[in-house]
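What follows is one structure encoded as structure tokens, with my remarks underneath.
Each chain carries a letter (A, B, C and D) given by its place in the written order, and its residues are counted from 1.
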Amino acid sequence: MNIALQTQPPALSDYYSETKCIWCDGCGNYGIWTAVKYSLVELNLYPWQVCLCYDVGCNGNGSDKIEGYRFHGLHGRVIPFAAGAKLANMKVPVIAFGGDGATFSEGIGHLIHGVRSNYPITFVLHNNTNFGLTTGQASSLTPQGQAMNTSPNGIPEHTLASMDLVFSLNPTFVARGFSGDIKLMTRILKAAIQHRGFAFVEMLQACPTYNHFATHEYLLDRYFDANADGHDPGNLQQARALATQVQDRIACGILYQRRDAPDFYSRLIPRQGVETTCVEEVRRYDVSEYWKELV
Amino acid sequence: MNIALQTQPPALSDYYSETKCIWCDGCGNYGIWTAVKYSLVELNLYPWQVCLCYDVGCNGNGSDKIEGYRFHGLHGRVIPFAAGAKLANMKVPVIAFGGDGATFSEGIGHLIHGVRSNYPITFVLHNNTNFGLTTGQASSLTPQGQAMNTSPNGIPEHTLASMDLVFSLNPTFVARGFSGDIKLMTRILKAAIQHRGFAFVEMLQACPTYNHFATHEYLLDRYFDANADGHDPGNLQQARALATQVQDRIACGILYQRRDAPDFYSRLIPRQGVETTCVEEVRRYDVSEYWKELV
Amino acid sequence: MPRISLKIVGASGQGINSIGAIIAKGLKRSGYCVFGYREYPSLIKGGHASYQLDVSNERICSTETKVDVLVALNHHGLELNMEELKQGGIVLHVTPGWQFPEHHRKLIAERSLRIIYFPVDDMLNRLGARAILSNVLLTAFVWSMLDQDIDALKSLVGETFAKKKALLELNIRCIDEGYSFVDPEQGAISVALPPPDKGFAGHLLITGSQAMGLGAVHAGVRLYAGYPMTPSSPLLSFIAELENKTHMVVKQAEDEITAAQIVSGAMYMGTRALTATSGVGFDLMSETLSLNAMIENPTVFVLAQRPGPATGLPTWTAQGSLLQAANCSAGEFTRCVISVSNSQDAFDLMPVAFNLAEQYQISVIVLTDKQIAEALYTQHPYDQEKTEIDRGRLVVDPEKLKLLKSSDRFNPHAQGGVSLRWLPGSRAATYCAQGDEHNSIGAVDESSLNTKLQIEKRLRKCHGLKAGLPAPHLSIGGRSVETSDWIDTGDEIELLAIGWGSTGDVFQDVMRSDELRGRKIAYLHFTYLWPLRTQELQRLAKRSKHIVLVEQNYQGQLGMLIRMECGLDIPDKILKYDGRPFFYDELLSSVIERCASTSENEKTSPGLEHAGSPS
Amino acid sequence: MPRISLKIVGASGQGINSIGAIIAKGLKRSGYCVFGYREYPSLIKGGHASYQLDVSNERICSTETKVDVLVALNHHGLELNMEELKQGGIVLHVTPGWQFPEHHRKLIAERSLRIIYFPVDDMLNRLGARAILSNVLLTAFVWSMLDQDIDALKSLVGETFAKKKALLELNIRCIDEGYSFVDPEQGAISVALPPPDKGFAGHLLITGSQAMGLGAVHAGVRLYAGYPMTPSSPLLSFIAELENKTHMVVKQAEDEITAAQIVSGAMYMGTRALTATSGVGFDLMSETLSLNAMIENPTVFVLAQRPGPATGLPTWTAQGSLLQAANCSAGEFTRCVISVSNSQDAFDLMPVAFNLAEQYQISVIVLTDKQIAEALYTQHPYDQEKTEIDRGRLVVDPEKLKLLKSSDRFNPHAQGGVSLRWLPGSRAATYCAQGDEHNSIGAVDESSLNTKLQIEKRLRKCHGLKAGLPAPHLSIGGRSVETSDWIDTGDEIELLAIGWGSTGDVFQDVMRSDELRGRKIAYLHFTYLWPLRTQELQRLAKRSKHIVLVEQNYQGQLGMLIRMECGLDIPDKILKYDGRPFFYDELLSSVIERCASTSENEKTSPGLEHAGSPS
């Protein structure tokens, strides 16, 4: 496509891609993909203004089904790439997407250091509780009893308590959506993109092909909008409890947000007062000042 | 050295190495090293009976200062190597050692999955709150304000709440020692080596060369033996609180132990009832039975 | 060599594979050699996929681009695959009222294609069966076209549903229905197969991954750790499926680094352990490769190739990882790179790899590729007697253990650089498997003299290794010959082709083709790729009118290693790098072209730049 | 070329470096060219370390194994380093009552060594100064031995303590005391230096890491992400120390993978970003290298070499990562490998590397090594005017941006394979930087045709890149010459040496030695290592009586690449792989040996197996 000078505010159609979606019927990725588009449009962002970074997995197969400056990288590595992109140009909103496999196996170090670094990016976890693209292996979030491809007896490891883990990292934004509720996801995504700091957004995602335990119906039955129920995202204790206790009902919405913590970039002393972005600063520099003390 | 048929019970001298220690004066590694030897001797283990796996770092420079079957591997990777060694031969106690840099930066994924897998190994964290061997860079456990090599303004990331993180992983054994108290460390190590499952042992380690905040004196002032104070390692809530709240006093000892959780190996269905080790099982196998259904 | 080909196309997940697998098995049991080839995109459902069976009564292990029968499970197949039909070919489809466009109608006329509409939905309705059974209906009809015995099919299907009686009955009814279908327009149709050779009936139908998995178990592998990555995942899945029978320790690790480290720890402890990965996954393992070199820890890594860089084409094939395997990783050390070629040596080379690893205390990288990993081979049952487990200089005898000194472990003066090895837990002097440069006991020693000695120790192994590796395999006109018989004597060679991996089998089929049978075409196949033994090649080259390199990569990587090793340059190359394997007919015509040009013109063809890529 | 050498030895952390650095700076300011070389073990304190200064009034950039002055800060130095003294050399030590063993007493007599005991503890006591000031006392005495002006030293020390008056005073008193010390037995001692050349006074004393850091800032690098690993860490530290002045974003990442990814993200976004690592750290980055090839993301990686495999010798030097750099990583793609050689091109090549990366949208791997990273060079202030920032086919003009189509980004037909690039946030059509095989807009496309086109696009860049790379640098008898002038004309070349990296400077010193001055020795230095341009070498080789490869690795890796590229085999090799750099005198004698044998015997020397390793 070619861009004409937009005079209209951004519309959903601006994000329309000619490349056809290839997810299985009933896949939760459709819903998440739709909510992402809604949120960008509602935030008044044109495709050329945003940077969308995709991990590898079924979720990452969305990289060419939407407009915007996109990146589809290596399995498990999307967070540091997105962080580097953002730090280079603070003017562009950067949203990273990754699966539960990528995020809690191959790339778990990046998640942990991403949260503790409080990079100013949004991270959207497509949690279908399995490795979808490689045909249904267990992830660290698969329940222990469940037989999967390559674990015919179920996994011998403990299932990771992902939200307890995330809360141990001093997060500044934690939310949970459900692929069956586009409106809720849109609200969450908008807040996440506007958050200054690392926004961790888990999307509970149906995967009818490989996830036969936490199905669309299972999630539909249990999820609820905690904010609608009056949960205050400022309340850390309550947020942690809501996030981790998912046996009966699953609390969704913006579970936690801390607005006073400076993000990574703001904490960089050398960048204090610098108005330009690293991208704008590329030029030849005179460094003779720095070698003076070597003479 | 060459081994004669030992008829005596193991003695400290059996662990004596001709290679000289090279740590700085006052380094906490001396104390940990000594406690390791004590604990092995007190557990009646000869050097040829144990496998000691070292990460890279000042701590890892201990690999050739002790006897035993040892391994000194790659930075950050000691946990999976040790796990593989153990799973291959369940009869040999396997102890892994690593620094805070290795464990919470390069190798944090291995720690997380090591704990959640509940491998039957002991892991000893040499926590000197910095990268010692590479001359004093900040680790994820360095306090935020502290100027270090490569972070002249202090680190812009949050300091990791390491114990909160570990407790989010469903650990089965968590202990903390202090490099200045050999007796305490010895007691902890013995229990850890006897634990069935992943024993996470943090040793608060003085590093007079690069760590000028949590010094030997600082730690000496604050540490105490929580078990002597009556803490029951069976109490998860209290253990987590003791482990994470270290502002004023630092609780040491065996903070948490759960004895009823099966370790990784015990959870492997295919190994149920198998008495031999994988090492003993190496031979040519007739596989014609497995190809029958392919005919 | 008589061969017919049958291709089933449709959406991924529609059941192509199950139709293909059943027909393949049935035909094999009837006495045919079947070669199955799958193409599918890197996504879970939908997308255009295919399963092709090439069938003969002689050994066959290649795929043709042109097919005799096309079975289209959806209309995309009718749109996309019509060009592939041979003269007189048959198209079987299930799309009601499908109108072929003009150019297809022309094609149908020109090639006298027979189009059969198979009314699968009507049949299902009639039988009150669910959509999933359409595959059985189709299979049965194909079976009848092939003039095969209906009972053979029934008993095959019976094996699958042995325990589900109700399901079985419905399946049998579908078979009857499908088998007896006759197209009202075309009448009874039959695809002529050559007379069967009952020798194949007892063969296995096996993928390269299954073969490799069996080989690994056979070789005494007791621990497998892996992280899923196509095309190495089928090996992991197969090993995992067997775990309750083999009693192996199987670990799906959290990443490739972990898998490699777990396996290394297990090998250090003394068992045999295996991991497999692909492309960028191997980049992550290369760190561990370097570690094992330093601690002289025997290890075996399977590297299943797919096209890169990056994620590349996950479900397609390539031979692009040779340079990576031979050169990646920090530091200089001895390693061995070998490549499997088909289901025979995917099995045979597993014990070989472990023996080499233990004999030299090095890492062995076993290359395979998506084509081998997922192709379906008709395989003679394996000879398990020839395997010996050789653990090299491993000391286990208690008396000998007692005599060991720590300094035996990394003694730099050890013969051939290979020092004694003994295992943690052995009642013996202990040592440190030291990742820093070290002396004979494994204590860190950075002195100039020690460094030099130890590096030389580790690199010296390469000489023994290289000297002991088998020569590349030579075949002339499609028959194996003793390489040594041909090196200096015999006729001049018309065309000498050099290849490795999955290319080999296709080239064999090409040499056995009617077109080339009896020609003095030599094919030199390299299984052992690094260190590289070139003496045979160099001498054969002198006796050949024309030399051509056949590889599935862009650069001609084996050619580069050959030149690096002995200076021989092979300017003419048949290179393919579009993710597809070499197809029988296209390789055949590339070879025929060369033969023609060899006769006309003694000059070598142009180099890489203009080398014809056959697709 | 007159040269003297002075070596300070002692335990790591004892202050060797500060003595060395002050004397170096003082001598340079006096008009000498100083080359500083450090050896130290991989541990924090203790262990035997050294700082050697080689000094001349001409350009000098190498270290001798034999020294004129040995300063021993502890008795280990007296035990370990005595053999290194030249005839008439001076030993300065601080160990009271040291008794030399018999063999050393013989040595002292034979070589007429002068031994000076410097009573540092007495002096400290007398001055009431702490032990740390012993370094100042010693420095001052050495300064007096070198017949240098005391005020120059005072002002140097003054700079350090400008803000700490009390400390300064004590320092000055120490200088007076040390400077005026006279050994009661030896009397006043003076080490004869050649007359100074004031041209050096204004030079910088700079390590290769600092040079590279300045070069990076100069080249417009605005983000640095790294993970500490010797010998790449000094670059990270230097960049971090400057951060408040340069206002760069500096991130100490949690591992090498992260550093590589952050840098890649930043480059994708459009700034210039850098990372550096070593050995196994680069194994971890190789995954990202592969990624950047697929998305055609320009990136620069510094790979600082140390001996491997595994942890190897962290604080020692090697040129062992060339094959790794040229071949690691999944998939086939165009990359560029270049190597810095000294503090001059450690600076100059940073903008070059970024320009190449952006011009071809590829990764550039810049090799350095521990020797270059930590050696101290006397460096002419850099010419900053010659640098141009070339961002290749980057589109930034708003009008041009508007005209772009998504399909311009990965247009496979782009000239030379290099398509237009524009940055996220630009008001233009958008695209996907796609890690899967993709079409021109970055949508996944696994079709045969597209795959072929895109691979060809990415590999086609190699031709333009190779054609545009500068020729290797030729010098004859120690003087730079135009390579083209010598290729076909001029005298026959007596000895043609081939080298790269830190070897180059040592070879230059060797060619300028009194022994070889005026001989027809040619040295061809490769800065651009992959793709490899060999035409000059091939033609020079024809005109050379003898060719020798000079490398710091075991295999002769550049030699392997040369053979791979053009078939030329260089059987004679001077290889060193003990972690030490080439020393001036040892390389000199290896070269003299070759020259002698060249005159005697036209046959080439034996190959790798027996190649003399000079230490």
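Just so we're on the same page, a contact is a pair of C-beta atoms (placed from the backbone, for glycine too) under 8 Å apart; a residue touches a chain by one contact, two chains touch by 3 or more.
All figures in this text were calculated on a predicted structure; none of them were measured in a lab.
Participant: When contacts are scored as defined above, which chain pair ends up with more C-beta pairs, B-C or A-C?
Facilitator: Looking at B-C and A-C side by side, B-C shows more C-beta contacts.
Participant: Please indicate which chain is farthest from chain B, where distance is taken between mean Cα coordinates of the chains.
Facilitator: Greatest centre separation from chain B goes to chain C.
Participant: Centre to centre, by mean C-alpha position, how many angstrom separate chain C and chain D?
Facilitator: 44
Participant: Centre to centre, by mean C-alpha position, how many angstrom separate chain A and chain D?
Facilitator: The mean C-alpha positions of chain A and chain D differ by 42 Å.
Participant: Of all the residues in chain B, which ones touch at least 2 other chains?
Facilitator: 56, 61, 72-74, 105-106, 108-109, 112-113, 140, 153, 268-270
Participant: What are the residues of chain D that contact at least two other chains?
Facilitator: Those would be 41-42, 243-244, 250, 254-255, 280, 287, 291, 295, 310-311, 435-436, 444.
Participant: Can you list the residues on chain B that touch chain A in the complex?
Facilitator: Those residues of chain B that touch chain A are 105-106, 108-109, 112-113, 116-118, 140, 153, 156-161, 164-165, 167-170, 264, 267-270.
Participant: Touching residues of chain C toward chain B in the complex: what are they?
Facilitator: Residues 202-206, 210, 214, 217-220, 222-223, 225, 242-251, 253-255, 257-258, 261-273, 287-288, 291, 295, 351, 381-382, 384, 387-389, 391, 402-406, 423-436, 438, 441-444.
Participant: Write out the stretch or stretches of chain B touching chain C in their complex.
Facilitator: Residues of chain B touching chain C: 1-5, 17, 19, 47-51, 53, 56, 61, 63-64, 67-74, 77, 80-89, 91-92, 109-110, 112-113, 265, 268-271, 274, 277-279, 281-291, 294-295.
Participant: Spell out the part of chain A that touches chain C in their complex, as residue ranges.
Facilitator: Residues 22-25, 56, 58, 61, 72-76, 105-106, 108, 131-135, 137-138, 140, 149-153, 155, 209 of chain A touch chain C in their complex.
Participant: Would you tell me which residues of chain C are touching chain A in their complex?
Facilitator: Touch list, chain C to chain A: 13, 41-47, 226-230, 233, 236-237, 240-241, 243-244, 250, 252, 254-256, 280, 310-311.
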